Amino acid sequence: MPNPDIIGREKILKVHMRKVPLAPDVEPRTIARGTPGFSGADLANLVNEAALLAARRNKRLVTHTEFEDAKDKVMMGAERRSMVMSEEEKKLTAYHEGGHALIAINLDASDPVHKATIIPRGRALGMVMRLPERDHISLTRAKLKADIAVAMGGRVAEELIFGHEKVTSGASSDIQMATKMAKAMVTQFGMSDKLGPLAYGDNEEEVFLGHSVSRSQNMIDETQKVVDSEVYRIVDEGYKLAKKMLKLKIKDLHMISQGLLEYETLSGDEIINLLKGVQPVRENPDDSSGDMGSAVPTAGAKKTASKKKPKSDGGMEPQPQT
Amino acid sequence: MPNPDIIGREKILKVHMRKVPLAPDVEPRTIARGTPGFSGADLANLVNEAALLAARRNKRLVTHTEFEDAKDKVMMGAERRSMVMSEEEKKLTAYHEGGHALIAINLDASDPVHKATIIPRGRALGMVMRLPERDHISLTRAKLKADIAVAMGGRVAEELIFGHEKVTSGASSDIQMATKMAKAMVTQFGMSDKLGPLAYGDNEEEVFLGHSVSRSQNMIDETQKVVDSEVYRIVDEGYKLAKKMLKLKIKDLHMISQGLLEYETLSGDEIINLLKGVQPVRENPDDSSGDMGSAVPTAGAKKTASKKKPKSDGGMEPQPQT
Amino acid sequence: MPNPDIIGREKILKVHMRKVPLAPDVEPRTIARGTPGFSGADLANLVNEAALLAARRNKRLVTHTEFEDAKDKVMMGAERRSMVMSEEEKKLTAYHEGGHALIAINLDASDPVHKATIIPRGRALGMVMRLPERDHISLTRAKLKADIAVAMGGRVAEELIFGHEKVTSGASSDIQMATKMAKAMVTQFGMSDKLGPLAYGDNEEEVFLGHSVSRSQNMIDETQKVVDSEVYRIVDEGYKLAKKMLKLKIKDLHMISQGLLEYETLSGDEIINLLKGVQPVRENPDDSSGDMGSAVPTAGAKKTASKKKPKSDGGMEPQPQT
Amino acid sequence: MPNPDIIGREKILKVHMRKVPLAPDVEPRTIARGTPGFSGADLANLVNEAALLAARRNKRLVTHTEFEDAKDKVMMGAERRSMVMSEEEKKLTAYHEGGHALIAINLDASDPVHKATIIPRGRALGMVMRLPERDHISLTRAKLKADIAVAMGGRVAEELIFGHEKVTSGASSDIQMATKMAKAMVTQFGMSDKLGPLAYGDNEEEVFLGHSVSRSQNMIDETQKVVDSEVYRIVDEGYKLAKKMLKLKIKDLHMISQGLLEYETLSGDEIINLLKGVQPVRENPDDSSGDMGSAVPTAGAKKTASKKKPKSDGGMEPQPQT
Amino acid sequence: MPNPDIIGREKILKVHMRKVPLAPDVEPRTIARGTPGFSGADLANLVNEAALLAARRNKRLVTHTEFEDAKDKVMMGAERRSMVMSEEEKKLTAYHEGGHALIAINLDASDPVHKATIIPRGRALGMVMRLPERDHISLTRAKLKADIAVAMGGRVAEELIFGHEKVTSGASSDIQMATKMAKAMVTQFGMSDKLGPLAYGDNEEEVFLGHSVSRSQNMIDETQKVVDSEVYRIVDEGYKLAKKMLKLKIKDLHMISQGLLEYETLSGDEIINLLKGVQPVRENPDDSSGDMGSAVPTAGAKKTASKKKPKSDGGMEPQPQT
Amino acid sequence: MPNPDIIGREKILKVHMRKVPLAPDVEPRTIARGTPGFSGADLANLVNEAALLAARRNKRLVTHTEFEDAKDKVMMGAERRSMVMSEEEKKLTAYHEGGHALIAINLDASDPVHKATIIPRGRALGMVMRLPERDHISLTRAKLKADIAVAMGGRVAEELIFGHEKVTSGASSDIQMATKMAKAMVTQFGMSDKLGPLAYGDNEEEVFLGHSVSRSQNMIDETQKVVDSEVYRIVDEGYKLAKKMLKLKIKDLHMISQGLLEYETLSGDEIINLLKGVQPVRENPDDSSGDMGSAVPTAGAKKTASKKKPKSDGGMEPQPQT
């Protein structure tokens, strides 16, 4: 049930890579390091997608570039470039994703941003992808709080920029995820001082990030009320933190969102550079991450999340913010 | 699970159209644009129905007209012209549908009216059909509030014209839809300021407009009470808005409803023209949308919803008001 | 799922009638008009029963008379003449059915009385049959309120005539039906001003008269309490209305009940005539609706409910009052 | 589903009786009259048991006697004479059954007592059998109240004679039956003035005496509380009535119970005579109702319940009191 | 469903005994009398086990001794002599069983003690076996109260001798049994004066001692609260009674427990003699009830429970106290 | 269902050991004594793993060493040495496990510590293994309280050393286990003085440590509230006890945790020696418990938990603390 760790992933990758012609720049260990949380099936899929991309790009060998592009597809779903979005929707999405990204960048306990995009993928209009720097099993209170604030960032940005009536249903999965994390903190991880180190709600469970989240059944109303108010407090603190940060750094929010509107996809490094005034370099900005080729990828867009700074709080599986 | 987008629909249509003799006026892209929310099966059905209609009308080629008529049948169900309605019932239905239509026309955030009819279809005595102008995924708060007001328009019109005792059970599906939308706003979309950006009720779900709507289980009474009062407030605001608008524009309501009584079916453009004093043009008013032929359709009845004005709030799948 | 409308019924009848020798007085359209709410299977059964009756009556052709008798059997179940009732029970049943009938006759919004009988049929000791004048889909508030008062008429008559201790369990299905109708008005049809145009109780449903009635689950006690008190109010108003009417018209109640004791079965017209002092004409009162023949039926007993007066509120499927 | 009425029973009996050699004293109509509530299978069983008894008694023809004995076996289960009861238990049982019988005899609305016995049958230590005088479908409030008091009679007698600590679990089925009847009066038959003519608790049902008894689900606590207190009131009134009557007629209780201890089985008439000082006539008291023969049964023991006095409230299926 | 009574058991035993060579001292009737509550399968098992024991003991004929030993095995499960208990555990078990036994001996309404043992059997560390003197169907209030006190005796003895912290989880089945009995008294047997002769909780049932015990569902909190407090009161009275008796007779407790530590198994008579200062006679104390033979069993250990004194309250199936 | 006791285990071991070449130092009885709680399948697995280890270590015979290593693997899951932990995570894990171990060592009623490790096994980052000294069936109140305190030790150590924000989700299974034990004490074992010797919550059960733990359904809120507060009190007392002990012995905590960081795995004896200043002796500290051989194991690491001191409270199955 637990996904393979880095050594396991390297072994699995090597098995699948035997069947494809690899370019000299492909290092299984590097790819293994960049795919925490991937299952064996994900890794098989990754190698397969990379080979398909190389074929479509008329390359004789599968290069590191293809593996990086394939990784995005496996993690975030296929792009849906055919989907027609109005300018209004694009703008709304850019600020929503910009909000997620800006909070993630500013909170140490969050995993670093891998990529942000407003190209629809799967059912989502856009996405912010974060990647942990190492495999993790347990999560600190600080990281859980940061993740909730990141989840709130999208909705908060919508509100700040477009106002109350233009707020969309697009934040519903962020809302659900934040509520679940807060509930797990309170009922399973013993992270509410009010409720103490006890487990609350003991029968039916669903798996959440490798931990099981109780559905809070079998609690009496009085207890559930305290649970609910603690969950509310935790989510609300995340919401307020996000609001405070975005208000304070509204210029940064505009910069990231404008960047997304212009380039559609930005890597974590590109976002950080953007905030320093450095524009991303694109050979052909209209085709920066297309399926149709471009043998030489832009440097920035293909790099994984760089080490922001030494972090000790651990991380979790890659978690896209829609 | 998500339905195809415009490009997907065009491709699917082309596949099915290969098997039928098309008139030169049929443009797959135009039809794809006019069928947001259609599934692959709906599109196959559409082409099939159009071919059947052409056969019944003794046409050698399937024209755009057949596709438009087929679209109505697929979206709204087959007409049940055999059903005998009393004059009283017809009048009641005309005002009920007139109420829906008038609210939809007057609220910017609503999708434009495609068609209104008092010809029974399926189990409904009448219908107002709205069509979004583009595929949408997320819904703004403004659009959801408008849709609730549109749903209330039917019942409100009954009350205003026929009085308290003559109000019918025919509004039950409008009532159910409005309640569901309001509940999703409160429990899933974080659109109640009182309850904040949290998810409420976390186990069983049913799909609603592509979003999942919680059944609100596992909430304690205290929380459910706030949820219920918020849901009540939102629906009630929609009801009051509908009442205010219909009272203000009662002349328009009479005009649309009289138009429906006279012509049975009116397109969105015809309704707008009617309110400007322009009567719809019908070659043979008694057979305006019959199955039995009429090789040349009336212009108005066959046009899709025209662009009312630039809209930015998006739309949803075609949603008939019964 | 919806039963055939008048045109559908006529078609179905014609198909089945091909197999039986029809007398010239049989008109499919007339029979179709008199059988709203019949399913296809009911209609097949009707033609079959009529043919059997004609055979048992040694008739060469199936006449309109047989179709009328067969209709009663299909709608109300077979007679159970073998059942021995005490005089006390017969009298109690006559007043119970008389109560239903008298309320139905005096409330405009009720469908007209087709027949009343104290001959046991199926599990019932007696029955009042009402027939709508046309197929209906939606029900007005006025009709629902009238139907509840009619349902209460039986129990009220028992109380008025026999007193508190002699009240029987025979009203239990009336009570259940009235409670269900009131609940649908409140939770589905938006007909409680207190609860407004919202749907209450959202998961399990059972079909009632073509509408679905919620089982009122998932409501918090506070809401359910208002629902319950509204349901109570509506049923109680029907009960009080029935009591007031029966007290006021107690002479009429005696007349109808005595008529039922004497003739066992009375048509709607016969009841109305009886109240005007006109006794029903019977060739052989002891055998007025027997299975054993009587080639020439009594005029009154075979006529369908006559038009009382112009009615606009519609009706519902035939609904026996036990 | 409904059991056959008297005419139906007579027909069924005649069919089965064709296969057995009948004595001239056997009249199918008489037996049909004495077996209300019997199903077709019960009647087949009855004829079969009568034939077996005759064989065991070395009779050439099956006489009325065998049919009467067979009826007891079918209604009450086979005797379990092998069961060893202590004197204490026999006495307790005699007073328990005596209590049931005395209440039944003194309440007009109860069906007359057919037989009382302290010979164990099935799982019961003793039994009082009542038989209605005619088939009934509906039950009056008065009869239901009487039946509850009869049910309470057994426990009350235990208490009065043996005291608080010697009260047994043997009354549990009486208690359950009384509670069910009271609940049906309140929730289904509209017989609580406080709760009015409404149905309470609307989903799951179990069949009780041909009526369905709600399990009282889906009620809010406030309503359920009133239901419960009404049910309690009704059962408690029955209990108090039984206590008052048994205290008042404690001599009669002793007489019946002593009679049961002496004769083990008493018919309704014998009990009434006993209270008048007339002892039952037994040819061989030790073998009064044994399986082993006695070609000439005692007169009294074989007679069905005699007509106590004109009764108008109807009855129900034979209902043994354990 | 009900188990066979004494006569039935004798017949069943005879059938099975035909297949085994019986010693002259075996009397089926005696064994039948000593096995109340045994099912047909239990009796078949009993004969089988007796034959196996005789074979293992190298006997040509199956004697009464083998039947007695087999009875213990069928009633209490196989011994688990291999299980290693610490001295502490043995002592704790001896006092636990001693507590059960002492209460049972001192309460008239309890069935007499058949045997007490600290040899682990099945999952239990020890056991007290009681046997009724006759088959019973109903239970008096006095017997139920005595059984609850006996159940409490084990835990109370642990507390008195070893103190609060050394109390074990071993009493959990006693606790469960006592709670169930008290609940049945209150909800099914009408033995709570506060709740009266009504049945409480009406849907799901599980069989308990041949009676069905409601799971107390569908009660409102207010009613359940009274039920719970009555159940608590009854169990608590049993607990207090046990405590009072054991404190008063603590010397007897020590005597029984020391006896158990010394002899491991004691018959009811041996316990009574022990309390009078008479030590049990054992030929070979270390092998008193082993499976490995000993052709001549000790007299005392093989005798069934003697008649303590005339008892009138009845009994129940053999009920081991663990 | 119950696992084999020591004699059963010895027999099972002997059966499986026949198939492998045993070194003279292997004594089945010794291994049986050290594997309480093992099932038959566990023992088969144990022998198999020992044989595999010997093969991998190029040994001709399977020695006691292999059986000890195999026992760890069967009890704790395979090591996951490939997993990369940051220094921060290693340190956090060392203190978490150190907390468990220190409490277990200081509480007499706890089973002695067999081993502590920070090598990830299965899904756990580390583990403390305790082993009872004998098979047990029942648990004393003292042992249950000790086990809860041991479970709390991990989280408490995290808090004391790393502070509030760095607390991790890794304690969730400790929290769940402690809550379950406290609930069983209160609802099944009668160990709450407030709630007395009654069973609470009577329908659904799940097995916990061979005892069944109620899910606490069917309790009214008022009762559940007392249950919840008792459960809270018990867990909280364990938490406070753990906090008090760790604060008091914080030097010992540092010593154990540093030892774990240095040696990764420590036996119970090594921990006790460490606290006395005696460092564990390792031939090759980097490979102390590796799979890759080392024919002669370190003495300390291979010894089972030594007898700390005479204990009387019994134990339970091996219970790892993660």
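Each chain carries a letter (A, B, C, D, E and F) given by its place in the written order, and its residues are counted from 1.
Note that contacts are C-beta pairs under 8 Å (C-beta built on N, C-alpha and C of every residue); 3 or more make two chains touch, one makes a residue touch a chain.
The structure displayed is predicted, hence computed values, not measured ones.
Chains that count as touching both chain A and chain C, per the definition above, are B. The chains touching chain B as well as chain F are A. Rotation angle for the C-alpha superposition of chain C on chain D: 60 degrees, rounded in steps of 5.
Between the Cα centres of chain D and chain F there is a gap of 65 Å. One inter-chain figure worth recording: chain B and chain C are separated by 37 Å, centre to centre, where each centre is the mean of the chain's CA atoms. With centres taken as mean Cα positions, chain F sits 75 Å from chain C.
For chain F, the set of residues touching two or more other chains reads 221.
If the chains shown are joined wherever they touch, the resulting network closes on itself as one ring, and no chain has more or fewer than two partners. Per the touch definition, chain C reaches chain B in the complex via residues 2, 5-8, 134-142, 144-145, 184, 188-191, 196-199, 202-203, 210-211, 218, 220-223, 312-314.
Interface residues of chain F facing chain A in the complex, by the touch rule stated above, are 80, 82-84, 86, 88-89, 120, 123, 125, 152, 155, 164-172, 174-176, 178-180, 183, 204, 215-217, 221, 224-225, 228, 231-232, 235-236, 239.
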